[in-house]
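There are two complexes below, and they share chain A, which is joined by chain B in the first and by chain C in the second.
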Partner chain A sequence: MREHEHEDVVVISPSCVYACTRFRVRKTKLLPREEYLRIMRMSMPEVVAHLGRQEDYQDVMDLAGEFSGAQLIEEAVNRSLARSFRSAMAIAPGDLHTLTGEYLARWDIANVMAILRGTVHNVPRRQVRDLLIPAGEIDSALLDHLLNLTACGEVLEALQGWRLYPVLAEYYRICGEKGVFARIENELYRRYYAGLLDLATSGCSGCQELIAYLRFEIDITNMKNLLRLHCAREACDITVVDRTMIPGGHIPLGLFRRLYDIETEEEFVSVFLQTAIVPILTQAVRELRQDPDFSSTDAAELVWRRWHRHLRPVHEVEIAITRVRLHQMESLSRRHPFSVLPVLAYLERKRYEVANLRAIARGKAFGLPSERIWQYIVT
Partner chain B sequence: MVDVGMTLEMVQASQLGMKALGAGLAVGLTGIGAGVAEMAIGSAAVGATAENRDVFGLVLLLTVIPETIVIFGLVVALLLLF
Partner chain C sequence: MPVDDIKPTRSGLLIVRRRMALAERVHRLLAMKLDGMMLELIKLADQAARERKELEEKYAAAREMVAVAAMMEGATGVLLAALSVEAAPTYTAGQKNVFGVCLPDLEPVMVKKTLDQRGYGILGTSSVIDDAADAYEDLLEAIIASAELEGSVKRLLDDIERTRRRVNALEFKVIPELTELRRFIEGQRDEMERQEWTRLRRIKKIKAKRG
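Let's turn to the complex of A and B:
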């Protein structure tokens, strides 16, 4: 990314400037907040026609013969996501290319898990295919090939060239073994984050900020998983907590173990206040409720109330946290315009644009009111 | 430093040579400076145009702004020589 770096003079390679500028321009073309409000007022055929006029979603019209309604929109947005991410890989040079590839490996994990689950539980191929987004290292040709295989052993054999194959080989000894998918998924994500953090630690422009972003993502994922484990009906022991947690975040895993055993509000609040989640959670809830007086203690008490009653995390709050994180990432990408951050900001924004359109399509298909759908929109 | 053994013609020729050298440096160094500046601006301009053709005119203007440095260098060179 940087060709020569001294104490005062930094020369950024022209290919990095070129790629970062392209991503910054691309980000400006993503749907703005007002556009979502407009789309939500439209009927399903109007949404399809509107998307057909957008540069990124033009193939919605080509797919209209094959799909309809919410499924048509989902298929079109998924294809657009895969196309955008493949194009991002084609543009990004050097270190940016490596980091982008490593970052996009999360789509491979999602695709492989969907195919394995579909194969073992005999889910119709078409249904599994709708879930796949060929945005990672595994291309659509290989995904189609995997979909056509009937036994999970064959799927594993076909995945031998995949960089995370050793995890599958290590954990997936018996096809259809109960509870094995959750273990594999946990391990795949552990390796994914470890690989990404390793690569970012090797040093590049904006890598320090990227590491902070990833570490916070790990913290949030761990906290969500802890809340889910706590609210699960079957009793779970500390080994399950250890297996589920992803190392590498700001919050040490010991603190999560400690939180899991706490039964009193005072202790929970005091331990939770030590975590790096609190400032972002406070800001997110403050913005969500438009309450400037909402303090970090209020945030800890909010989590305690869910925790105490064995309830899952509030979706609205999760979305609000994502919103705050995206805004932080964007402001960082403006501060470091020729680094990995503009690439990541674009990829994240695109990911949530597609998630928003899917939420609108599915919400409309189920007849949900606009206010309810709006809670799922990240702008 | 002037050598006491030099004739007036030799001194004049030496001064003319120095002026020519200064003029060359003025144009050459500003050219290098403009090139370095245009490297980043040009890359960004091509990137922006690749995504949005409408900005071509604007980015072309931005790309040639560092050329003014060379013009300053050229003016200095001409002042030195004439």
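Let's turn to the complex of A and C:
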């Protein structure tokens, strides 16, 4: 995507207009809310048959000989996700392509970590293969090649061309060293967000909004992880907090460090109310509970109650926040129709479509009631 | 010396009395041990029942947590987190002595772990994985506790059965036989004494006649 400014006139390249239009069209083809309600009422074989009739999920029929039930649906939707994302990479031109590639690198991180762990722990290659979702830059051929390697040194050597290879080279010295994978995984995600923010600051159309979106994602992730660390069985020291916080969010890391040590309600609520999380959290809980009187202070007190009792975030609230964020992203993408935002809006929507179908399949397989499953659906 | 070989003599009677005293003392001790073991069994059985109920609740909770984790992260996400485990949970098996019975004493090792010890990265996972891991760690601990208690109940029951057989053998076989034998020996000895007395009287009479 190139924007040429001539005397206050912004010219957007035709390829960018074309690509953004295609992504908007693709987004309209994603499953609507009513479709999930219909699928929820179906039995598992009916869901499989229904998905088999959808253009995006025809893999379900090819995989039916190998898998069954919820596993079959999960494999099929994962394949659809990988195919959609690879196709998105193929469509996106220029800067859009680079940004999309950087955005999808999170799937590469998951794949690489699975292969490294599988290699070190001698997990059967077939089992590891089933866990990989080739939705990032590392294609299936390279993933298959990595799977065939027997030593972690060889895997690292084969990954030298990967954009996040420097992290592996820096942290991975001894094969199978205890705790090293968690450290590498954390660092890979930190670098992933740093790279994405760097790229977004290049000044593309919609990048300011993208940066705001990413920063908020970082804030939410940091807050969730702070709650996770706080409720862990053994209190962790501040270095662990530093190691697991992602820099670059709206909320400075110093504030998270300060929050971690607070033990009184007044102080916690007053500090938490200063964060950018509060408005979205308030809106999310308001929508979840259908309570228009739920205020910012109520939201801060809700977090305090979980914090004080060393409890983790409520999953339903996490999902509600994701819903609000996706709606915000979509309204932003409508405001900036020829920018990186329609691409990301599509990628996020597709990601959650897959997550929704997976949640329905898994929920049905475990015999959870429909009302319970519906709480985990992002529409 | 077998009971049948004991002769109806004074030394035989002494042997029987000694055996009787020993049998009664052993019977009393074993009966007390049996009572103690029964009390311990009732206590352990109650604990085991409570623990089993808790185990079932924890199993249901763990199943639900893993269902939620599979819904939110997918089976792939859950398996990837499971693949990260670096130290397998285990237990150490010891023994404790209760009324002379060796009961199992199981101690969980590396079952409950900190976030760091679990091996997965915090940034690559969500809190639902922590919840599922917590639920399964609790379940595993409950399984170990339940196995220890149920193993203890089983061993205690075996020993109670063995002790009850001994008590019954003493009460209904050994002691009655010894009592019977003592009565027999005492009867025999009384008879022998009467015979001796009669014989002496007769000799005395014969001597008196001759004199």
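By our rule, the second predicted complex is superposed on the first by the 373 of 379 C-alpha atoms of A that agree within 3 Å, B and C clash if a C-alpha of one lies under 4 Å from a C-alpha of the other, contacts with A are read in each partner's own complex, and residues count from 1 in each chain.
Following the convention adopted for this analysis, a residue touches a chain if its C-beta (ideal position, glycine included) is under 8 Å from a C-beta of that chain, and two chains touch if they have at least 3 such contacts.
In this text, all values refer to a predicted model and were calculated from it rather than measured experimentally.
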Clash or fit, chain B versus chain C on superposed chain A: fit
Which of chain B and chain C A:325 touches, first, second, both or neither: neither
Partner chain(s) touched by A:376 [first = chain B, second = chain C, both, neither]: second
Partner chain(s) touched by A:286 [first = chain B, second = chain C, both, neither]: neither
First, second, both or neither for A:74, with chain B first and chain C second: second
Chain A: partner with more touched residues, chain B or chain C: C
Touched partner set for A:22, first chain B, second chain C, both or neither: first
First (chain B), second (chain C), both or neither touched by A:12: first
Which of chain B and chain C A:349 touches, first, second, both or neither: neither
Least C-alpha distance (whole Å) that remains between chain C and chain B when both complexes are overlaid: 29
Residues of chain A touching chain B in the complex: 11-12, 14-15, 17-22, 25-26, 29
Residues on chain C engaged by chain A in the complex (per definition of touch): 63-64, 67-68, 70-72, 74-76, 79-80, 83-84, 86-87, 112, 114-116, 118-124, 126-128, 130-131
Parts of chain A lying in touch with chain C, wherever the complex brings them together: 70-71, 74, 78, 109-110, 113-114, 117-118, 121, 123, 127-128, 130-131, 133, 178-179, 181-186, 188-190, 221, 224-225, 227-229, 232-234, 236, 240, 244, 246, 312-313, 315, 318-319, 355, 358-359, 362-363, 365-366, 368, 373, 376
Contacting residues of chain B [partner chain A, same complex]: 36, 39-40, 42-44, 46-48, 50-52
